[in-house]
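Residue numbering begins at 1 within each chain, and the chains themselves are lettered A, B, C, D and E in the order written.
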């Protein structure tokens, strides 16, 4: 837009200012990962790499990270599948109760996590009669992740229209071939965006996880929560967080690039 | 007694059989360490080697959370504090323990054996782990002279000068701390046992706590939060555990056992009534009572070990002294956590006491 | 008049490759094509079954549980119908106070986040160059991956006595509701920026230019054109911030001082006090609030931008 | 269908026989969308190798007819025959017709070559074989070098040719084209018209061509159907449509025309029925320059506006009795229009050039 | 800029005086986007009340010039004068020009009336007053009844008129229109052309009109600037542009033309320079029907194709020595073309009709 130079400057200043503020607490985390004090206090007592060494040795953190990645990957996969099916149904057909279905998928993300948590935990144990395990976490996470995929895919389908699919049928492709060769590739960036958000939501979810995690199923947030209650472990948690921040930039950046590449091709 | 129904009575096992190869344990953080959090902190691996029982464990943050988890039946052994143990027994989640099958039980301080919070009607439901008191911690700088009474956190005048910097343990069981203070300062109320409060007595304790609430900066339930708050000065007086004091670098922070005595906890290793691995469970209970393992676990967590032999094994030679382990005189001033139930624990039969659910409700209202 | 017959000069004899004439689609495809309800059924059955069997059933069970009570000694659920839990909610001042406090905090967080997200999203979508835009998106997304708990604890440090906030001269409100609002606003900010940014990207530049062309200065363009068009995106982000704040109980434990919110009450009763019926009844408060809110918002189309 | 003009004969001439031999036959075709009858009873035979155009205003049902033929919509009533087979219920992928969409609908995630090879691929034709054929098809539309590009790297005209190649590589007997030139700018559009026509003639494919550009329809087609409100208003060769429009509607829609209502016709021609005369049949002369012959009608008028068209001038006139007329002055050796804004002139046209119209349906 | 044709005079005639009095004056206007010079030195004066068109292929810089005038882009070099004031650095809302965007840019969240009243609203004009004026503007574009609708409930033509009303309600001296008819179908487009022209004349507003449709430009404009690659290739009245194109480029872009390269011109005319002749200047006669006069060029040719246009026929021819020609046979009393596919004919045209072109720049 045609803004005055001052307006542009002010906006830029505000944006970079807020971004800087966003990173202040993260810097505190980084600082505390080398703070000899084990209780995350300010100012720093000195500098030590003891916590980094301990974190490197922490099997618990590594196991929890693996569990979290597994849970997030599985929940995302389920959300991708169900969200895509749902989006196709909602976007390509009209049927009775469509609006209710739309509202229904939004509920798990819109209702507070503690509600979703106790409802599912109670549902699993007393109604379905299944023991809590890593699978119950995955199911719970998938339930509130469906909507992110479904909404992204719906938006894409809406913009895509039906003409590509019709062209494919016109050229002789059957229903499934059309889906495989045309619809799916077209949805790629939407799936990527929805999947990323789903993965992030699941990876960092603690409340719903608390209620639906079975014995031995420790996700990273749970591990972090537990270790904040252990003597001497808090700084190791900071190290883990720093490592997470650093490594997360890679997928975030890649996804950005990938989706904008796809966007350009559209 | 506080009873399990007759028909639900559980009979302890008479002898042990084959190890099942696995055991699942529910405990406070720091009780079951296998080196995965810190390779130097590991007493589980040795157990696994000895017995072939592979350990899976889950930790909980409050006793109440543990009850919920115990009910899933996923755990063979549960480390329960006194405010939980009776509830586990009442809800049939725990089964009788045959202490004959736990050779190391012998070593345990006598005053910890068959305590009211793990033995009901003469039936033993578990073996003790470690214990600790809920002490009074304060920052010297904020006091003219070292406080010696819980009045520091209950007396309005005392509270006034630390307004917003008072802290207290965040659990309904903290009502007992107020009751203990009232027991000593207002004998008219007739409180005999801080865990046996009739409605009137509870109301008095609640009123006291509501008054205290006005001065409380924050409640705490995990170490880190309290350590940090006392280090920075966000909190200057409140209940604490010895281990927390030990972790505070600030030299101005002191801890004391006030003249009124204090509430305390003693954890019990209990056997789940739904246990599918009772042999490994027994093996664990015995193992964690060995002087070496008990010393490691209690020292790591920051509490008193349960036997003189364990005191020999601590890495810090002063550990038992610091934590007053085996000090019976000291222990006499402690009111170990128990679950409040309708049937008064102090033996009164003319009134009905308030139960834990009421305490929970009251705690919600106190915090407001 | 001659009905023109197009020349049939030998073209009809054209031969084509039989491979091109052969029917290509398998019978399954043909069936799928013909039976619309079958296609719809195949698409809808799995997700719908998932949502109904797992989620709706669980919510319904929760509602039912709220009409039961719990036996205090055995901690077993007593399945006789009773409105006691709801009576407790209505009769005790504390629940009203906590509800009001929770909604207040959630609203404050929502308003703050939207207020911050708007200019940032605007800068990202309409002012920054495409390259800078991409970098900014990454910068906004990255903090999402530093664990929630770690970030909240970091705020505890920032706001502590003598901590970075005071140290920097800005001063700290100390632990309490203000700290909760700040921390929660911080945590959910990226979730608000994203939908607002997406909505802004969809506003064609020509609309802004047209408004300028018609004589509106920047402020007026924002107020009369940009803002109304952003309503769905703002609502989507707002719902996120509002509901996530309303359900939180961890932040308030860590930086909230002595305060409690609805989430704590649900958590304490469900996870700790083992009074699931009461917890379920308390949970009905945020459920009702959200459902009313969603129903009101549905018409704006915001729900599709989550 | 009750148009009395000669052109109408071909609409009505629909026997079972025709359905068996025509490339496309539609019988009583109807398509209802809720309350709207998008196609409201269409009978039509399109011969093999014909360049057939459907012309009509927006919303008149052209696209819907095409989609019914291709199989994207299911008819509410009536039948669709392709090469003698009833395909009314067949899926699009079962029909031996291919469509070139208005927006081309090229697959954006595939190269141009892969786009063109797509139909071969889903038919299970081997990679090498389909590559060869696709390249050949691209050569046919003169895009041989661009196989490696992505659709978004092409210009509008090139995209249009890719869409064409993608269809013709399957050697269809019938090609359906839905306003394939609509998105192109005028210059390009004229070029593409010529190319399309050539291709159609060279390959001998039946083209069913949808447009709302009457000039395009006149230029390209063997026959034209003029649609309105889901029905065929007139069917005939370009010349029949232009020179003997069956109704005021057709006369007005195809080309510019001067319409005389019944009253005016009565006055001018002595016949009480609607008539029309094309602007290029009107001549403008200085007032009363020549005497009137019996064959000629002569009206005095004032020039309202003269618009320069390059190839001539369009002159808007108003007669003394208020009739609005348009005349087309074509280049006839002189550059300058005789008619200037405000001039009083005489407009003349031959009685024979005024055609009677059927009463509007 | 070194076009030798007479039309060019108006391009060059740019004095400080002109800048002071013209509605719009551009001086040495340049706009660079990275490497691309979108506008590459444009000098131009547009008079008050003029209907001025910018014609040119895609990417030639027409939109950019418009955006520079409106103030959406900042010039890299050069100045923009509006009514004698230098506005080169002024914000869009400070300039007394208004734009009708190609995509209309109607505010989707406002009613039609609110859209039209928007400019009045931001000027702080009271609710009642602006309502009245907006309704009047809507009446002017004949949309009086639709004020309550939302833009998405309108057809393309209606939207276009709303965009127009939104601009004219502010009574601007200058209106910039960026391909305002591009999205409309042909029939509607023709209607809108007439309405636009009328409006412009009635309101006396200066129109700067961007199009790439040469017919549209010829029909509507007082003057036309033909753009290519960021520069004005020729500037003149429609007639000057059409009849005396300054270059092969302009001749080819505006209307259909027969181009003779230098060699052919040498052979036919005895002049070694590019020439062009318009198709309507060619006459087709039976072979050697008449003797050649000195003023006439006569070529023997074969008819490649005859295309019926309604108002005449377009005949594609190939001369015996391989030259491709297009002739436009216009209606001259007879219906039937003399030229049938394959016929051997003679093509004739006056020497005077062949115009010399400047060497392509």
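Operating definition for what follows: a residue touches a chain if its C-beta (ideal position, glycine included) is under 8 Å from a C-beta of that chain, and two chains touch if they have at least 3 such contacts.
All values reported here derive from a predicted model rather than from experimental measurement.
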{"item": "Partner chains shared by chain C and chain D (touch criterion as defined above)", "value": "A, E"}
{"item": "Chain pair with the higher count of C-beta pairs in contact (A-C, A-B)", "value": "A-C"}
{"item": "Chain whose Cα centroid lies at the greatest distance from that of chain D", "value": "B"}
{"item": "Relative to chain E, chain with the most remote C-alpha centre", "value": "B"}
{"item": "Computed distance of Cα centres, chain C from chain A, in Å", "value": "13"}
{"item": "Cα-centroid distance, chain B relative to chain D, in whole angstrom", "value": "90"}
{"item": "Intercentroid distance (Cα basis), chain E paired with chain D, Å", "value": "26"}
{"item": "Centroid distance [mean C-alpha coordinates] between chain E and chain C, Å", "value": "51"}
{"item": "Contacts with two or more other chains, residues of chain B listed in rising order", "value": "224, 228, 232"}
{"item": "Junction residues of chain A, two or more chains touched", "value": "2, 4, 40-42, 169, 172-174, 177, 225, 228, 234"}
{"item": "Where chain C touches two or more other chains, by residue", "value": "24-25, 29-30, 33, 153, 156-157, 160, 162-163, 209, 212, 270-271"}
{"item": "Contact set on chain D toward chain A in their complex", "value": "70-72, 91-93, 97-99, 101, 103, 105-109, 118-119, 121-123, 150, 152, 166-167, 170"}
{"item": "Chain D contact footprint on chain A (complex, rising order)", "value": "163-164, 166-174, 177, 181-182, 185-186, 188, 264-266"}
{"item": "Residue numbers on chain B that touch chain A, as the complex places them", "value": "24, 26, 29-30, 35-39, 56-59, 61, 69, 72, 74-75, 222-224, 227-228, 231-232, 243, 247-249, 300-302"}
{"item": "Of chain A, residues touching chain C in the complex", "value": "1-4, 7-8, 11-12, 14-15, 18-19, 22-26, 28-29, 32, 40-43, 81-83, 85-86, 88-89, 93, 95, 99, 101-116, 118-124, 126-127, 139, 142-143, 146-148, 150-151, 154-155, 169, 172-177, 200, 203-204, 206-207, 210-211, 220-221, 224-225, 228, 234, 237-238, 240-242, 244-245, 247-249, 252-253, 256-257, 260"}
{"item": "Chain C - residues contacting chain D, complex", "value": "1-8, 11-12, 14, 16-17, 19-25, 29-30, 33-34"}
